[in-house]
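In order of appearance the chains are A, B, C and D, and numbering begins at 1 in each one.
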Amino acid sequence: MKLTGTILLLCGLLLAQDERAAMLAKIDGKAEVYGKMSRQIWEYSEVGYKEAKSSNLLKSDLRANGFEIRDNVAGIPTAFMATWGSGKPVIAIMGEYDALPGLSQHDAPQRNPRVAGDPGHGCGHNLFGVAAELAAISAKEYMEQHKLPGTIRFLGTPAEEGGGGKIYMIRAGAFRDADIAITWHPGDRNQAGLQSSLANISGKFRFRGLAAHAAAAPDAGRSALDGLLLMNHCTELLREHVPQETRIHYIITAGGDAPNVVPAFAEGFYYARQPNMPILDNVWGRIQKCAEAGAQGTETKVEMELINSVYNILPNDTLAAMFERNLRRVGGIKYTPEEQAFAQELAKSFNREKVLPLGSQEQVQPLGGEGLGGGSTDVADVSWVLPTAQFTTATFVPGTPGHSWQSTACAGSSIGRKGMMAAAKVLALTTIDLVTDPKQIEAAKASFEKRRAGFTYRSRLPADAKPPLTYRDKPQ
Amino acid sequence: MKLTGTILLLCGLLLAQDERAAMLAKIDGKAEVYGKMSRQIWEYSEVGYKEAKSSNLLKSDLRANGFEIRDNVAGIPTAFMATWGSGKPVIAIMGEYDALPGLSQHDAPQRNPRVAGDPGHGCGHNLFGVAAELAAISAKEYMEQHKLPGTIRFLGTPAEEGGGGKIYMIRAGAFRDADIAITWHPGDRNQAGLQSSLANISGKFRFRGLAAHAAAAPDAGRSALDGLLLMNHCTELLREHVPQETRIHYIITAGGDAPNVVPAFAEGFYYARQPNMPILDNVWGRIQKCAEAGAQGTETKVEMELINSVYNILPNDTLAAMFERNLRRVGGIKYTPEEQAFAQELAKSFNREKVLPLGSQEQVQPLGGEGLGGGSTDVADVSWVLPTAQFTTATFVPGTPGHSWQSTACAGSSIGRKGMMAAAKVLALTTIDLVTDPKQIEAAKASFEKRRAGFTYRSRLPADAKPPLTYRDKPQ
Amino acid sequence: MKLTGTILLLCGLLLAQDERAAMLAKIDGKAEVYGKMSRQIWEYSEVGYKEAKSSNLLKSDLRANGFEIRDNVAGIPTAFMATWGSGKPVIAIMGEYDALPGLSQHDAPQRNPRVAGDPGHGCGHNLFGVAAELAAISAKEYMEQHKLPGTIRFLGTPAEEGGGGKIYMIRAGAFRDADIAITWHPGDRNQAGLQSSLANISGKFRFRGLAAHAAAAPDAGRSALDGLLLMNHCTELLREHVPQETRIHYIITAGGDAPNVVPAFAEGFYYARQPNMPILDNVWGRIQKCAEAGAQGTETKVEMELINSVYNILPNDTLAAMFERNLRRVGGIKYTPEEQAFAQELAKSFNREKVLPLGSQEQVQPLGGEGLGGGSTDVADVSWVLPTAQFTTATFVPGTPGHSWQSTACAGSSIGRKGMMAAAKVLALTTIDLVTDPKQIEAAKASFEKRRAGFTYRSRLPADAKPPLTYRDKPQ
Amino acid sequence: MKLTGTILLLCGLLLAQDERAAMLAKIDGKAEVYGKMSRQIWEYSEVGYKEAKSSNLLKSDLRANGFEIRDNVAGIPTAFMATWGSGKPVIAIMGEYDALPGLSQHDAPQRNPRVAGDPGHGCGHNLFGVAAELAAISAKEYMEQHKLPGTIRFLGTPAEEGGGGKIYMIRAGAFRDADIAITWHPGDRNQAGLQSSLANISGKFRFRGLAAHAAAAPDAGRSALDGLLLMNHCTELLREHVPQETRIHYIITAGGDAPNVVPAFAEGFYYARQPNMPILDNVWGRIQKCAEAGAQGTETKVEMELINSVYNILPNDTLAAMFERNLRRVGGIKYTPEEQAFAQELAKSFNREKVLPLGSQEQVQPLGGEGLGGGSTDVADVSWVLPTAQFTTATFVPGTPGHSWQSTACAGSSIGRKGMMAAAKVLALTTIDLVTDPKQIEAAKASFEKRRAGFTYRSRLPADAKPPLTYRDKPQ
């Protein structure tokens, strides 16, 4: 009996493997259709909260595949939920599709903007959203075919790049009944792990002074730009006196209209990041003091608009291990000779040390340990609310810096699309693993509880904050 | 015989007075038509070198009035010469029609932009060009009627506000055969005088660094914004160590694209001004050192594009006296009760001391003495090339600051149009005076020679500089 | 009778001229003694409020010459009043004797400090005090000899260089019964005039933060130096937005003890100057805001100690004319061949334009008109309290910059002493003119009243301010 | 035989233990004499390279104890070598005795300077030198008594606090024939370990400009202070763009003499630190660019004097283990009730988190692992030349910050002296261990070779650099 049981189990496993292999083959068959969709979104290159065409493309396809769409989630026109199935477990698969300002680029290995100054998919979110959608559809087909109970929910989450779409979706209850949230991210390697990310607070500091003719009556003016420059200097002085893992960076989004007028308005856009949210709260408070000092010393006024605030990622041991396993099953990325030539040409423009070598895209990296990535993401907020994890595939040539014209080029090329297909497979496999093995869900929940250790998530965005739908617009 | 001569002369003078009164009456009869034209240009609000519609409007009307048009002067699409008549003297009348960025405003006495962030006629150049054109046409009609020899040339001079249109027109020979150049400027008073202006050099400093992820690899980035901020600080330190009449002012026209990327590009737009061009040369050289220091210290690169350079005005005693006389003949501006109410309401928004009181628009101010205005103009370059002068009429409510929403409001209102009509009359009268009295031209030339004292005009713009046709565009 | 009167008057005048010539001859006879005294004080080189030996030297000699000494005026050990005579008029003659930090120099025409870093008489106050004293003694001898009624009061006024000794002496009543106050100042020319000076407010800004190991725990520190640097930057930004005649300058008197400790203390010493005291009040208030901003932004504390505040000089038409007349009587300075060689060598180190040429020391310059000198002096405060004036003689080689090693060298040389003797003569002559001609005193008082136009003098030093006796000490 | 051998070995060990116990008892008997010596040096409080009296005290005592003194090592008056014995092994014991500027303090638990502004032993080097000397003498007595071969060399190493005395002593060959170098350091705990330290480069940046009267002719001046302020700002901007473990800190050692003179001289004293010397080289190069930018932008000149440069410590596994063992033998520090009261009072002034609690001074902490301390020391340079190690004992109340008035107070108190005696014992024991067990020396050498991995030590000080004997003097 014991032997019989073992044989049955083995047969089951072999059968399951066959069934999954069939699913992967089916996904392969859709490479062209979904490759085109990702290219279309790459060409749209819509920035955060403006992803109307991109989200519509995904919604149409999900609807055509039998998902029920809930639109305008959290009052955001480009946020949506697409649901198929019913009952437990509820697996949330998240997709992003926003572009980055100023990174327009052809799918060429030399700097060459499609439209100079326009946005571009330097973070590969055109691949991100499509792979996640394809995974959702593929898992649904599998479950349908095998009559598996459970719910697949694709979450269309806009404005990851500084807009915090997921935070407003959490508030709107979009994750309330989900058991697990999974997703991936484009990268220069195939890897899952336990790495965290930096908590992040961002805000715009708006200085208002008194205009005056800069030559005829400069003493009658109070320069808003002076206020901002003083704030900047104060922040530079602050750098020495915060814990070294802190990151503070800013740009000037408005620095005067015409040189012959003392600027009555100036605006700085600040980010502060830290592995630890309470320490970050303190740093942000000190940056606000810098802003007040800027205004105080120049007889101008300042107000701060909190643009976004995300947490550090809470890793999940169970989900990381599942991703790792499925990454190994799916395997790495193989380049054609043309892709190899593109990669070699592109790599000439990297002036970075300690990067993975060309060729590494063919392997799966070892499971990443605890540690700290340099980035931030609103996936982190989800990770403090329910068990959540993501992994990367090599959509970018190894060594490609993030948020660069080079990553934009890859995201529009066949190299990017190959990585996207791998990601879709890993997500689909993991979803099926979760649906078919409730113990994995239990283990993931246990890891979540252990790691958060009683800490209660509370976003730093005010309770009445509205999504900053125009945060990418030029200031007036 | 002597007596007879005197009688004849007197008769001639009286006759001339009558004839000129007729000309003024004729001008009055055109108030509505040219008022509308000025309002149309006010609504166009086209910035420097982009004044296509505004210049076309003026050209059409000049052509319709028998002027011969030479287009595209100095390779500038919106620069033109309109000539009528032949032979000596050649009287050049200059007209401007460019608007200022960010000053959009309704013709209302409270701040209320027509389109927030759009340009507006805060310097009243919509009135400027139309009054000059009307004067040219009126003088031509007078000369035609009285069969007077000589040439009237209207010069359509674009981009006075920082673009230096007249400098390129000088180079292109637009003033070569002219004897005298006259014009006016909108103001808050009716006045001619000997005041000079500030020589001005302006340029854009473009810093280029190395982009990097601002959180993951800030040490791999070289911030172009840092370079610009350091240059700014250096310039602030410089202020103490230049002659006190110097003015230096700047804005930041590009300060980074997104906070999470170390800015690879930043741009500052600088003006420096001085009553004396050789001293200004020295100051500008030191600002360039500040730029080099900014780049040097931050491991970035900087290049400077010279945008504009104008001289200080060389006053002309003869022309100032002629304007003064004709201003007194034409007289001040009378407000209707509605205009009076508008003026009172508007004046509430002025927080300035030592301004002319409401009501002063009805008078002509005494001839202004030597002295220094706070502004700069490319009329100054013309003034070092041939005898040149300008005067102001009260197109703005007394006390209105220059380059403000308040002056934009006046420039679009009936108050502005009344000042414009007065200016057209003074310009027309002065033109006829010059055409009919060659001694005035001789005297003006003598004053010119005495004041320039052998100094040879040479623009600080490089010999091969092209007009900066896109200087108002956002940087890429 | 009328003729007789005229003859008598003429005889009187001639007699007076003879008597005054005798006085001048007597002064010449004392050149060696008083020359040595000035050299002695030059060698002492005692800074403000520390002039113990210098003031004792003057007091001894005044006492020996029959003056009654009142010591420790206004609680200042080095301030004193020396009085001779009784009744009206009371003529106050002011003398200064403080040196400047860091200007130690041999009486050589090349840079060569006597003790590197030590103070030096770069303002020639070693000559200043001695000439004034010699004038007081000479006038006293003249009055004694001619039995003239009246009081001569020498005021030993310490710490003119930023310490404001005269202000505390005014408060202590030292000028209460005086009719006129006169004095002179070393210079590079012989001249009286109507020039004013800059009102001046100075203060020390002391920042206090939190020390920490700069490498092990920089985030635990709050840098007082950061606070001061931010204040400085704020002040640099302020320069653009104050009236152009304003002067703001500062040094850093404490900037940290050791680089490996986050500085818990830092101190800046600020001066602000303006031709107009109420405008200066406003500027000073804005500098204080800069200080508050510095503290606010860096989480440090700041306190300001007002060190000094002097007014702009109120010129006096009558006294200026009297000085002018007596300067012409005394005549300029003649150099020996050795002095000429010294002057030529020294002049090689001047890199200044528009200075008086060598040789001009032999002439008396025309009476100076209204205008503004670049310096400040506490003589100005006296000038708002009673009719006051000063003039210069050429104690320095023409073209010598003020407060320089070059002026220190002159002040210790025979050139300086010759200028000093001329000054003593002019002061003595003017004193006798005032004592013998009450109408001059009336005229001086009338000029004083007309110019101050009802303005009530009030020092910006707090009513309870104590003299800053240690303002030259290094901060702890 | 085997048994006999074991018995003999055990007897030997027991005997050795007895003999060492006798040595420790002997050391205890000298507590008063050497306590007084440490107090005397604490009262001298001589800063780096000025430790004449302190070094003489140590030399006298070493001479009196039979050591042969070599004076003036490396041309440094306060550096010396004291040698006893002959032949191998040669054990170097290093002692320091320099004080820190500005840390004068009574041995009281409240802030109370002995002489405000004076130096103080905030790093406890008064204890450091004496304990090391006492260990050398004690080891020598032990060796003499037991007729052990070998050489004990005490190295009197001045100016550890930023002066780099040991580097010049290395160059002078002071470590050439030594096998091992050991020492200790005062601390707030009893611990040995493998911790490293930060490599450090320090230099003075001297700006020279052009003096001018700051009110009369500020445009004629070129401010050296401006140059330094711009360099500082540049450095602040640099902080974001260096690896996060980098430390940069500076003070202003000369910031102008008097506010009314444009500063012709200014000086900044900079430190930069990094765990890695080649990265530090790069950072230091960039700081020099900041200096050049400061000069470039302000038309001043700058020159850098390299003051010091030390390496990061190369830990030694063998020596760390030996210290650990002997620390456990000697044990912790017991307070009397008075000392306990002092400690409690002192602890009130600590505003630090995560410090060891009161009472922990009684224990020995576990062996410290690899890691990075925040400090720097020239012991590190020795550690790249031969096997070297140090440990700490609790001379300071647990939680006492380094370089503070609190540590100065402890260093002058009985608490400090108790820690010193413990250190002397551990050093003496370890010396005897090394002398009697050559295998330990071999092991230490093996650890040294393994860790340095072929890297060749080369000090960043120029080959011809002279010891900066006046680096603590005020700039002229």
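What we mean here is this: a contact is a pair of C-beta atoms (placed from the backbone, for glycine too) under 8 Å apart; a residue touches a chain by one contact, two chains touch by 3 or more.
Remember, it's a predicted structure, so these values are computed and weren't measured experimentally.
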(message) Using the touch definition from the top, how many steps at minimum link subunit A to subunit C?
(response) 1
(message) Sharing more than half its contact pairs with B-C, counted by residue number, which one of A-C, A-D or A-B qualifies?
(response) A-D
(message) Centroid from C-alpha atoms only, then distance subunit C to subunit D, rounded to Å. What do you get?
(response) 51
(message) I'd like the Å distance between the centres of subunit B and subunit D, where a centre is the mean of that chain's Cα atoms.
(response) 70
(request) Calculate how many whole Å lie between the centre of subunit A and the centre of subunit D, each centre taken as the average of the chain's C-alpha atoms. (result) 49
(message) Two-or-more-chain contact residues of subunit B, please, as numbers and ranges.
(response) 218, 229, 233, 237, 240, 244, 249, 262
(request) Based on the touch definition given at the start, go ahead and assign the chain network to line, ring, star, complete or other. (result) complete
(message) Please output the residues of subunit C touching subunit D within their complex, sorted ascending.
(response) 100-102, 116-117, 161-162, 198, 200, 202, 211-218, 220, 225, 229, 232-233, 247, 249-253, 255-263, 266, 269-271, 273, 351-352, 373-376, 401-404, 476
(message) Could you list, by residue number, the parts of subunit C that touch subunit B in their complex?
(response) 233, 236-237, 239-240, 244-245, 248-249
(message) Residue numbers of subunit B touching subunit D in their complex, please.
(response) 218-219, 221-223, 226, 229-231, 233-234, 237-238, 240-244, 262, 286, 289-290, 292-294, 296-299
